[in-house]
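Heads up, there are several structures right after this.
Note that chain A is present in both complexes that follow, paired respectively with chain B and with chain C.
Moving on to the complex of A and B:
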């Protein structure tokens, strides 16, 4: 191996990035920690030190607990449906059929559509008076009267999950497809001539190639979904009756709408801690699969 | 190849058709809404295809009459172009040398871990202090200030992407250049950059799309035409007093057009970037 010393040239090349990161990430993050220990307000007072009061109040409060479970519900449902759908579509695209290249090209479209436009589009589709969903369901006879899909706690979360799945399952499909195409053709052929059925071929021939990229997709999607703000803000603003208020929406309300910067900061740190655990999981998975690849 | 029965083949084709429909229908509807008259959009039963193609919203949104909806929209369009452009250029400038150093120095692996973790950080974790910092320097509601904030997302992301893109470029060339006595800047300019250009190109596009998409910081740190970006302008339309759904759809089509066109044209390199970037270390 090379010597353990890191060349001064490498450090010099790193310097601009490090300075930028200290200015726009490091400093603000430390300041979030400081603010979380105060009762600071957005306008005016810089706040007095109150120890960990914000954290204990936040963690024991109803708002945090309901937002936490709302976020979990959104994350678990969206991500698992995206993974299953993504793998199924990848298996489909791995078959030979007419228009296969065109279909693969289509998958890039929902990914490229800006999140805000996606949220706006689905908000229009779910519109209680003029929305396409109401019109379609009544015209084919599945619905008697128009519904307010985003206006009822029962259906608002499902509507959000559908919008998120539509935008994100194609990415999972593309990742899974790339993994499927790495399965050597002769191994598949050997499994077939040995008489392995479709399930066994999937489980023992294809799965080993799929699992690594899928784990990566799983963790990355989980982190993204856990941070969800844009989609919910535009479609429901956390309503109705706070039934879709995610943790990020709650931070926005605490810190900026109610101007309770201290307690907003404490909540932001709690979310950061959860994300950090997920990020560490991601790095460990990466390391493991990088090790296997060698 | 596997034996395909006729029924299986029919099933595959039907499924493919279904997936295509699921992907295309919402997008097609967004476009149809943007060219349908209000009468068609509020008709019951709903008019799925307009009686007459109505392009008036495109004209309205792109018009430059004083104090019109169009003026505000065009201003936000230019703000988005500026903010995303500035942030992307700055991110590339700091990330190219850093990505190269990380790719060539295995001992800096832990730094890469830190950079990836930074990219995953939720924006809410930084939003409150960033608000105070921007306020202190008078950079709230300012395209430059917002671009600076975007660096917190773009710089780590681009560094990560570039590092994995630089990894396959052979080291022998640098060694040869070093033996020939090339200085650092000469080596970067003459040897490394030409080879790394495709990777840097893809990273630039990803960074620009990421900035174009951003909503949370823009919502917090901008308040009027001076700096409001396209995403905030659309959210205002969608959540506000506008009852012309066709107008909202039109704004969506215009905002989606650049990234969707890039997505279609650059498909190959984007897909390989998406599938490799996330999988390789």
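Moving on to the complex of A and C:
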């Protein structure tokens, strides 16, 4: 990375930071690897070395597989809806109309909320006894009786995805809006004069400007969604019947609820690995994007 | 046959009027240059013709058919933008052929048309490249090719050479001229560069604050400007403007530096004279202006010399081989027919007959 040699003096000056990094990142990581190779429990034994048993047990176990698919389901649905909705809203907010600036400012609000607040908010909306969603749907006649949206395996995941989309599509919209504003006015005008209709203008003229930033948004949102914990923990705690138990929730349950720190650590490492792959993809896209911009 | 007709075109943004009644008739094959400083409404007028915006009022027709309310793509008008406006993700060939592609022209005739246009513009060896891999001049050729390939009734150019460096700008200017002579197309061309206007135009419309100040051939615009504004806008170095003072028996110029006997104006006037109308050698009927050399700027083929006539500075373009030194006395000889008079108040040109001449 550095073409110049680093002087001993520079190394000495960096030493405090390196020590802190080792203490807060390096050591926990190494200790997690160590733990994952033991049968340690939260209270009591420090655990005996059992090799890769935790990994094989975890990867072949039903809990991991169902949590993995739950996480995938959550990630794929929320991220795709966020992308499509974000782009559509950005296209809308890029038009000239009265109150555009106010709407653009309002757009950021959901994204600016802490996840905890968002989750609590939606839990209230979904509340089976006094939730706004039930009230609204019965009052307009779409529903004849109040339902427990978060209490039924059939609707809990959808309810979570809606809450996540509501909070996170503004980020995509914001990124897309910035990209749209980078499309030169003359190019749009040229395309109109060339006779391209709205769809073809989007496909040939606007999309090339959108694709790079959208890829970044895609990877960022995928990583975020894949790690989802707080939203689900507050709204359903992984229920009902584990139907919304994501990988992060499973790690928490293994390590702290079931106190199996060893296998919890192995699970955490597996998630880390998956996310590392996504992060590398992100870096590669960023690099390609930066290369194009030059 | 008249191609483009504009009748009483007005355009306002809110309460701000950008165009205040434009009337224009454009003949087929003409090269009309809209010339003016930024903000004079020339680009607005172009975008109205192209259909990218609509006039507040007024009528536009192309070959007798109204343009009002017609979608840009149905106008048979092609536009070349200052920023080239090439589609960055498409190859040169697809950029040129995009308009045909969008109009559903089949692939083989599209390719033939693209190749033909590319050959005319000498970019046929670049067809597979992306715009990012082209130089500024090549990009501009591709942008012109994109307009050319559609064989439109009318070409619109919006400051197409402004983004090029000086040398390339001159090359492209000649090339545009050559292209126009070769193809005989009808062009409306917007620029703020008076040299571009002079060299390219068959007619120039000098615009100012949303109005056409003068419409005429380059020679008319240069030699018989309708107003002081036009006179000062055209020409480099700019025209000299001198104060005059009406005396009972004639017009005194620059606090007595010169005197035009027998001339009388009914209103206060200023005098305009082009730097190249001031000659270093005498000729018959010439006025003689005596002054002192104040500044010499050699441009190569000529020298731009500032001469103080009493307290008034005039600029003269003199041959480079004329030996001059600063502080030297000099006599400048002026053809009285090349003097222009403008109303001191409204700037309109006034014809004053300068029959007799005298020297101060």
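Methods note: the second predicted complex is superposed on the first by the 277 of 294 C-alpha atoms of A that agree within 3 Å, B and C clash if a C-alpha of one lies under 4 Å from a C-alpha of the other, contacts with A are read in each partner's own complex, and residues count from 1 in each chain.
Here, contacts are C-beta pairs under 8 Å (C-beta built on N, C-alpha and C of every residue); 3 or more make two chains touch, one makes a residue touch a chain.
Because the structure is a prediction, the values reported are computed rather than measured.
When the two complexes are overlaid on chain A, chain B and chain C sit side by side with no clash. In the overlay built on the shared chain, the residue A:212 is in contact with chain B alone; chain C does not reach it.
In the overlay built on the shared chain, the residue A:115 is in contact with chain B alone; chain C does not reach it. Partner contacting the larger number of chain A residues, of chain B and chain C: B. Judged by the touch definition given at the top, the superposed model places A:192 against both chain B and chain C. An angle of 80 degrees, to the nearest 10, separates chain B from chain C at the C-alpha centre of chain A in the overlay. In the superposition on chain A, A:184 makes contact with chain C only, while chain B stays out of contact range. Contacts of A:10 after superposition on the shared chain: chain B is touched, whereas chain C is not.
Looking at the shared chain after the overlay, A:32 reaches chain B, while chain C stays out of its contact range. Between chain B and chain C the least C-alpha distance in the superposed model amounts to 5 Å.
Chain A uses residues 192 to touch chain B in one structure and chain C in the other. Across the complex, chain B is touched by residues 2, 4, 6-7, 9-11, 13-14, 16-18, 20-21, 24-25, 27-29, 31-32, 35, 42, 89, 92, 95-100, 102-103, 105-117, 119-125, 127, 129-130, 132, 135-136, 138-139, 166, 170-171, 174-175, 178, 188, 192, 212-213, 216-217, 220, 223, 226-227, 229-230, 233-234, 237, 247-248, 251-252, 255-256, 261, 264-265, 267-269, 271-272, 275-276, 278-280, 282-283, 286-287, 289-290 of chain A. Against chain C, in their complex, chain A makes its touches with residues 184, 186-187, 189-197, 200, 204-205, 208.
For chain B in complex with chain A, the residues that touch the partner chain are 1-2, 4, 9, 12-13, 15-16, 19-20, 22-24, 26-27, 29-30, 33, 41-42, 44-46, 90, 93-95, 97-98, 100-102, 104-108, 111, 113, 115-118, 120-133, 148-149, 151-152, 155-156, 159, 184, 209, 212-213, 215-216, 219-220, 231, 234-235, 237-239, 245, 248-249, 251-252, 255-256, 259-260, 262-264, 267, 270-271, 274-276, 278-281. Residue ranges on chain C touching chain A, taken from their complex, read 47, 50-52, 72-73, 77-79, 81-90, 98-99, 102-103, 146.
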